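Presented sequentially are two complexes of chain A, the first with chain B as partner and the second with chain C.
So, the complex of A and B:
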């Protein structure tokens, strides 16, 4: 049986999703990137191979996320797509009538507006990453809470405290202040969820027509406190899809299927890639005064690709799929 | 007898609007002109170090160009741009630029700063150029001749722009690749952002590379831009803001564009208002997709590329279905 692999290499998590020809879910893996994207891809590939039912062959591969180029080069991707498109595709495949996607990932947050299955508008957080997964992670750690209990605790609160959500630094000092006053933990966590939602709606979603059905996806959707805070603020039900944490990978798998639908042979290098010895090096190019930082990825002795140059001196020699 | 002088012109800020005027004027006087190289990392680093931290990226880049020229020339040409048209103003940072540079604490050559201020009458821009040249020892007949030549050159530059070429196509004698897409994109932004390939992270070439035809505000006749900008319920007094709003209004009514990309510098006061205005009009008038790209000092291209790719996917998919 033919199947399609999607990989979402993000700043916090690296996700793998394999779906069959008829969109049946075969593999669904969520891993922490932990600052080592190559290792995350290799580990994920090895686990995907283990979990794949016998007789399944990978007929197409798509990558997305901030590390999509790197992942695409390592595995040999048929399509390398930005995460907005991937999330939009994934959302419409699960809920064809979806009109709004709220997505909060490890280091960025986005809103995608869809009408009749087409992305009509989107926005991403600008310079500020307050309110994304890595900030919640940090706060949970500081409070000594496992992140998966953070949301449960927040939902139990009936008297949330007001926390400034405009900036992560202010939010943290506000939280500490409230803790010192003796407010219970659940009220503080609930207050933080509300602050993050306020910040998201005022910055990322500013001026966007948020209409139901609304899907809430990305790693932060695991946090029940955030879902409830969104529903409170919007006054509309917010749906968290079953595969909320791996929606980018799901979208990438679908894009891969589309890409090879004309019968093209996949560029997938095979699962043995997980045993290859990848090596990444960086150097400054001294070809001109821009002194670009060039990243080169090699498998064994063989150079696979370069990027980071402005002029194309190095990257023009890359294989064609990496644009 | 005038001794041979070298004047440095920074390739920054309104270089993209006025360079043919300035170059022709000084060359006709027999002055040697040194233009700073296209912005690069070194220029940016110099500028970031020298400028006050609150300055926007384009002003910091300007400082970098000034310092790059400083050792090579006798004078620096830093016009004081206040108002190009009655009732409109250029950003206050442009007005104070010659003073800010004089007091930047670096050892730089003397500054020549003719003033553009429409409040002082139509001839004021000419007068202050002639005066600046006469202070260097050139006589009135020569300076008048040089000014006429310069005006002629600027007029032919405008004609070329209005024929659909970008400032960089003309100034660097380039030809954009033939479009392969049937869609045209409107690239809005201040010229020093959209035409500086380092600052804009090569944005315009990325759009060309994807096959799009690109139009920019410089390509419309100023009278038309004025007429379109006047459609706003209130008078907008930022010159460059009027240019953006007028251009957007025109193309949104024409319905000939598939999307608008608006490039702004982080911390730009006028654009924080104009950008919002543009986005609302794009939605209201024609439902044209609108992408806001904010540029600042960090060199990571990832964020820009992700947004741009998603935006272009969106445009393509809208038209497929």
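So, the complex of A and C:
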């Protein structure tokens, strides 16, 4: 049977999703990137191979996320797409009538507006990472809470405290202040969720027409407190899809299927890539005054790709699917 | 006297010509690099907008190369640019760098100051020399603007990625080296021939995207992270809204003689914005509407972070985008702009525009019409007449 692999190499998590020809879910893996994207891709590939039912061959591979180029080079992707497109595709495949996607990941948050199944507008956070997964992770840790209990606790509160959410650093000091006053933990966590939602709606979602159906996806959607806070602020039901944490990878798998739908042969290097030795080096090019930082990725002795140059002197030789 | 000036795109070419013709030694600041930006941000107030910071970087680097005089434009109106020169003078003085600053105020109501500025530059030059210097600079600016426009059409269709950019660098040097008006036109024709030699894929499905916003971020590639090149290499034909030669003609010459002819264009913005808000805020709105109605696929809005006129425009654009049914993407740029983030947004915007077009959006019809006229190379590029 043919199947399609999607990889979302993000700042915090690296996700793998394998989808069969009729969109049946075969593999669904969520890994922490932990600052080592190459290792995360190799580990994920090995696990994907283990979990794949017998008789399945990978007919197409798509990558997305901030590390999409790197992942694409390592595995040999058929399509390398930005995360906004991937998340939009994934959302429409689950809820074809979806009009708004709220996506909060490890280091960025975005809003995608769709009409009639196509993306018509989007925005990403630019200056501030308040409200993203990394910040919530850190606060849960500071409160001594496992992150999966954070949301449950927040939902139980009936009297949230007001926390200033304009800036992550100030939100933290405000939160400490409220703790020192003796407020119960659930009220503080609920207050924090509300502050982060306010921040998101005032920055990322500013000026966007948020209309139902609304999907909430990305790792932070696991936090029930955030879902409730969004519903409170918007006054509309917010849906969390079953595969909320791996939606980027799901979208990448679908994009891969589309890419090879004309019968093209996949560029997938095979699962043995998980045993290859990859080496990344960077250097300054002194060809002109731009002094670009060139990154080169090699497998053993063989150079796979270069990027970072403005003039194309180094990246000219890259495979065609790399932008 | 060794004169320097701030960089803004290829403005250095006409300015070098102008001052050299006046018999003044010119020190062109090194091209804007990370060093320039670091220097500038180190000595500028944090909340000043990026152009001021980079100007400071340019001046400091030029001073290192021996410049002793800065020629800077002044300004009037609500935009902070008007007192840049004054602030920069203070910053340089605080640093103990001795650079004389000659501020050229715009002619509207400042005739005397403009004259005084020019006179301190060209004390020994007669009116004929000044006229000749002006004519040479003007010729260079005009041909470069025209070639730049062609560059956007070609780059979106180039077969070998980067070939247009390489040629463009050669053309800049050709025009820069020309030492008479006649030589400028010859260089321009040579440049056009180089463009003609680039191998194209004339049938490529090209999207058209307009660039609007603040003039400095539009014209200086080091500041907008070479957005024109990035878009072009994605297969997008860029339609640039600001060309310096047009700007000078409209705002400095025609305006002064009350002969401006762009009133109708401004009227487009009237339902949203009734008055001049400084800088290019009003143009951003009216040009976006104009582009939507001329069948462009999308508009990208550029501005430096904290730019007041463009913040006004930015808050109006979502409504314009809905009313005129055209996607708009805004980038507010400063020294912290991350290339990766911009790349991601550009790619997503490209996908958005492409999907819209494939879905048979209304602009589609106009697009096809355009495509059929550009199959032959001649018609892709505006037929050129330099005189």
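Here is the rule we go by: the second predicted complex is superposed on the first by the 323 of 323 C-alpha atoms of A that agree within 3 Å, B and C clash if a C-alpha of one lies under 4 Å from a C-alpha of the other, contacts with A are read in each partner's own complex, and residues count from 1 in each chain.
What we mean here is this: a residue touches a chain if its C-beta (ideal position, glycine included) is under 8 Å from a C-beta of that chain, and two chains touch if they have at least 3 such contacts.
Only a predicted model underlies this, so the values are computations on that prediction, with no experimental measurement involved.
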Room on chain A for both chain B and chain C (clash or fit): clash
Which of chain B and chain C A:55 touches, first, second, both or neither: neither
Touched partner set for A:290, first chain B, second chain C, both or neither: both
Contacts of A:82 with chain B and chain C, given as first, second, both or neither: both
Which of chain B and chain C A:182 touches, first, second, both or neither: neither
Chain B versus chain C as contact partner of A:207, first or second or both or neither: both
Partner chain in contact with A:122 - chain B first, chain C second, else both or neither: both
Partner chain(s) touched by A:316 [first = chain B, second = chain C, both, neither]: second
Shared chain A surface residues [contacts with chain B and with chain C]: 66, 81-85, 116, 118-122, 124, 126-127, 207, 289-291, 310
Chain C to chain A touching residues, read off their complex: 30-31, 33-34, 160-162, 165-166, 226, 229, 234, 315, 318, 321-322, 327, 332, 336, 340-341, 343-345, 347-349, 351-352, 355-356, 359
Chain C contact footprint on chain A (complex, rising order): 66, 81-85, 108, 116, 118-122, 124, 126-127, 207-209, 289-291, 310-313, 316, 323
Chain A partner contacts - residues on chain B that touch it in the complex: 37, 40-43, 198, 201-202, 266, 279-280, 287, 289-290, 294, 296, 302-303, 305-307, 309-311, 313-314, 317-318, 321
Complex contact set, residues of chain A against chain B: 66, 81-85, 116-122, 124, 126-127, 207, 288-292, 310
